[in-house]
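Let me give you the structure first, and then I'll get to my questions.
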């Protein structure tokens, strides 16, 4: 693999789709950063399945419908969004671009797109907020140090973040062999700056692997969610729900939303694709709270499929990350714009003039033979 | 890719099947013309699926039946055709051969095959008609300039075209990334000559992508079909129906036929293969009007499958286009002849002595295990 | 491809399975002979599927059963055979070995294996019979010249052939593009010597492809089978039955047996694999006459599967043909011996001590998940 | 292939998963030893399917559960084991490492893991026991010489082995073509030392392949299991059960456990994967005796799947064998530790705090679409 290269000065004319950024990004990243951002858990089955599964949900065009006055706008947690597409939380964006999360938030603002900022951002959340011109949500890992966690929530509220996205599917790190093999480590000067000052957990007993260590003993539980619920009036959205029963419990626990997600295939390999996890969860929630999804979105048709199967909106991760590495803020903006244009096209060709009119009727049966 | 080459002076003896023309054509085309004619929408899943899906419909030979006096002739919209195989509308054929559509129409005539001429033909429709010795149909895009559209219909009637094929699945261009990446553009001297003099649509508002632009605001609707129905006594055949409900509405709207088509995989990626879209539409139409299909036909066995699943006839596109590029009019005639011979063979081996005797009994169940 | 080589003087020690002969054969054959013997119809989907389909029928081992005194012998049409494995009819074997069918019949005799001799054998059927020490059957194409056909039957009876195998699935040649592309033609000195003196059919009318030509007008029908039934007291076995209704009619027509076969994938591409065609035909025949099968047998486990699904015996074609080309008569004998040893092993490991005890209980469900 | 290399002095840092040992092992083994240990029966379909099938069983994460105080310990046949993972019996380990089975048993002891010692061990079972610090079981092939077999059982009892694992699925050797082609043979100084002094079976009659030979005539039957049951008070566990009816008979015969196994794909090709064979057998046994499984375990998630589908524990074979060849005892210990850590992670992410809480609820439906 060649040495990393600086971001492109201009977007090449043959970049026509989100996937076109991936090889450009790879050239511009160190092998270990590439392993960190592109890799998944275990044998990376879920990582690949996230993308591949969309093709099994076949579209059904409808013709000659009146499309005048249509659009892609939605209202979500009280905010008007230009399209049902958000930027997913991704850590350490300075590994990709010298401006890190600041480049991303400026691109998001330019295209009126909500961004979810990671607990592990490499820029202070207050600085990100200072550069924002579209809604920001804050992604929270409940830390072993609960007092520090409460302080983080206060900081997010004060900085104007509009919602908390609590990631619940990663009490421990996933098994990311590609990262291990590449020897990924944060370089000097890049780190989780928003966690500065946090109390480290006690050491693990000798010989323990996971069970019996503070990592699992202090992992958050539903009780911690109740504590958090009492702590803030911000909407709380659980990210990483894959089980319909957990989805029902999310509603019962008074949460405001949930994100169906297998964490981009980065935690447990062997979990179905995000798009396949969505339908039973949408059924379980039955409209009580908004259901979002992420995982494998690469096309406007994928957004359409997710909305057809019950999502109110989707989040993208790697596609904007690769654009950030390849071309900085203009790349991120380009990715958002491509995806929105593709969604409009997919809506027009399936006869949907607005987001509310997207439902299962835009899909053919998933088994490869229309009936 | 090497420079384009002139058409072959003679068809090589090892050209035995439609697919054999594809590599020969590619050598003779510019990379951007190749991208334009061979490419599909998005990730080209539908493009590939159109061809691949046929193999999932397994044939059932029947033996020792009396085949004397059989044949492949049909009557369609009042015309006797030698076989249930037509040439689909394809734009800008001068990109493939200096004579363009004139070469195609002469080959079609030589083999007594109906041709559907594109609105975007690179030769005037009157000139094409002057060279025709088999039935011609005219493919119509309803243009934003409705008066011009009416004039086109009048010209087609006057030139002796026998039917209007109204393409309804492409109110906007498909997302053809391969074309974009190849930078496809029409060279000087080749263009949609039949649209000369048409009024351009008003400019789009700044920032609009598709919704809110004249492209969608002026796109044809069912109301325009009613207008067209009142405008002409020619049979009107809707091309691009993929939804059974749209098929029923086609019947109710007084149309004379329909073509099940995903536009050769060129509009919306993720739509099932043409052959898989056919059965539910044939069921919905239930014989009220003729149902045709296109998409992925490469073999006489594919024609047999389409007829078995409810089509009255099929159209081929890329196969004759590639033959036109490779070997001109003789190539097109060769392709038609191969396909007809293959259809006769497939009929003989499944025990069908004429087109009327082809039904679902020539197929085994589609799941790979005969029962 | 290198020039053909003479047969191997000795079988190499690393030839352990039937498939190992294929590359050795290819080296020793002309490209056009290779195309003729190894190729199939159309896109060769059925050719590949014949082999691939076996793996979808999963085996079920049974343990600790008493296997003493077991064996593989069967009785078929009154003859005792060492194993339910026969040599299928294959034309023009002198293309593969200077001794042609004589090499094959000597190997068959050495291993006590019945051989079906082709109408298109390159050696006179009387000469083959003179070298036989195991049962011979005669494969018959009913020729347009019915008197000549009757004479062929008389010759087979006189030479001691024990059954007629009437091939009914090839009234016309299959569409074998690979042969066409390779320009296959019989070399001087090799031909269908048993058809010498036959009256050629009348010429076809100009422009006719298949329908309307003598080829189809004179193709055999069920009426000709009745004629043949009256002509001989030999058992008549129809080869090329793929449809359960045709199988029932075979019984009603007083035939003595049938062979489920798609002609090694050489007639109509898109027909299911032989092993998948077998079960519904075995059900339709319901034991009234013996059902045999061919197509894709490469392993003793394949023989076991075919017997489990209703076949009384199987025929192999290409495997012995490739061995004949690679190593002459010793190669053919080796192939028969390997297959028989593999069948014994498969029987032992599924707890079957004789052929009669093989039934569906040796199979797991075909969908990849045992229940 | 290069010459074999000595074991690695240190485990390379990029060895992160069990599969990483495979290429390292291959470099260090002779081609024929590689063929022997890595190869399978026939076309090796089952060999590959054993691994591939796990991915069809999709995991279902559950979040926010209390994991404090959890662990992976189980009790099996009266012994406490650190995890439900055992080392499967593998023959002739001196082919892999100069210390052979002694290296393996020391690694197993270091990680508190039970080992099953093969009848065909290349070290005396008493010597292996002398180096053991974790439970040992003895794998027994019932030999044609029954008196010698009884003596083997007595030796295992005397040496402190805690259970007998009677392999019942290999009355004859599997058809291992790769071994045949590689000309595998034991080198001088390595052999089945525990079988020294055994009486050889009588010679086979000329011409017999399997049926009619002493190999099959003296193969063990259920009657021999009754004899063995009367011979020892050790728990008897049948290895190689793939049929639910055989599983029921195992219970009825008074056996203490069974191992669902297709012998690592080394006996009969075409048998389903171990993980797919497991569910119907677990249903048939219905808790009467412990059901274990082996075949294709490469990940902690695979262990989780097997437990979810009814196994009490699993055995691994090739993964530790390859680690033994690559890095000796430290490699074996590393493999055990990786697998245990992966299992803990998989349990934590599916919300299982102990082995007893693992059931089918950790799985999504196997058809690729969650419902």
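We call the chains A, B, C and D, going by the order they appear; numbering starts again at 1 in every chain.
Convention: a residue touches a chain if its C-beta (ideal position, glycine included) is under 8 Å from a C-beta of that chain, and two chains touch if they have at least 3 such contacts.
All figures in this text were calculated on a predicted structure; none of them were measured in a lab.
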{"item": "Proportion of interface numbers common to chain A and chain D (over half same, under half different)", "value": "different"}
{"item": "Chain C on chain D, rotation in degrees - Cα superposition, rounded to nearest 5", "value": "90"}
{"item": "Most remote chain, CA-based centroid, reference being chain B", "value": "D"}
{"item": "Separation of mean Cα positions, chain C and chain B [Å, integer]", "value": "42"}
{"item": "Between chain A and chain C, centroid-to-centroid distance (C-alpha), Å", "value": "59"}
{"item": "Sequence positions of chain A contacting 2 or more other chains", "value": "none"}
{"item": "Chain A residues touching chain D - in the complex, by the definition given at the top", "value": "42-43, 45, 53, 56, 168-169, 171-172, 174-175, 177, 180-181, 183, 209-212, 216-217, 219-222, 224-225, 238, 240-243, 245-246, 262, 267-272, 276-277, 279-280, 366"}
{"item": "Residue numbers on chain A that touch chain B, as the complex places them", "value": "13-14, 16-17, 20, 54-55, 57-72, 299-301, 305, 337, 340-342, 344-350, 353, 364, 368-371"}
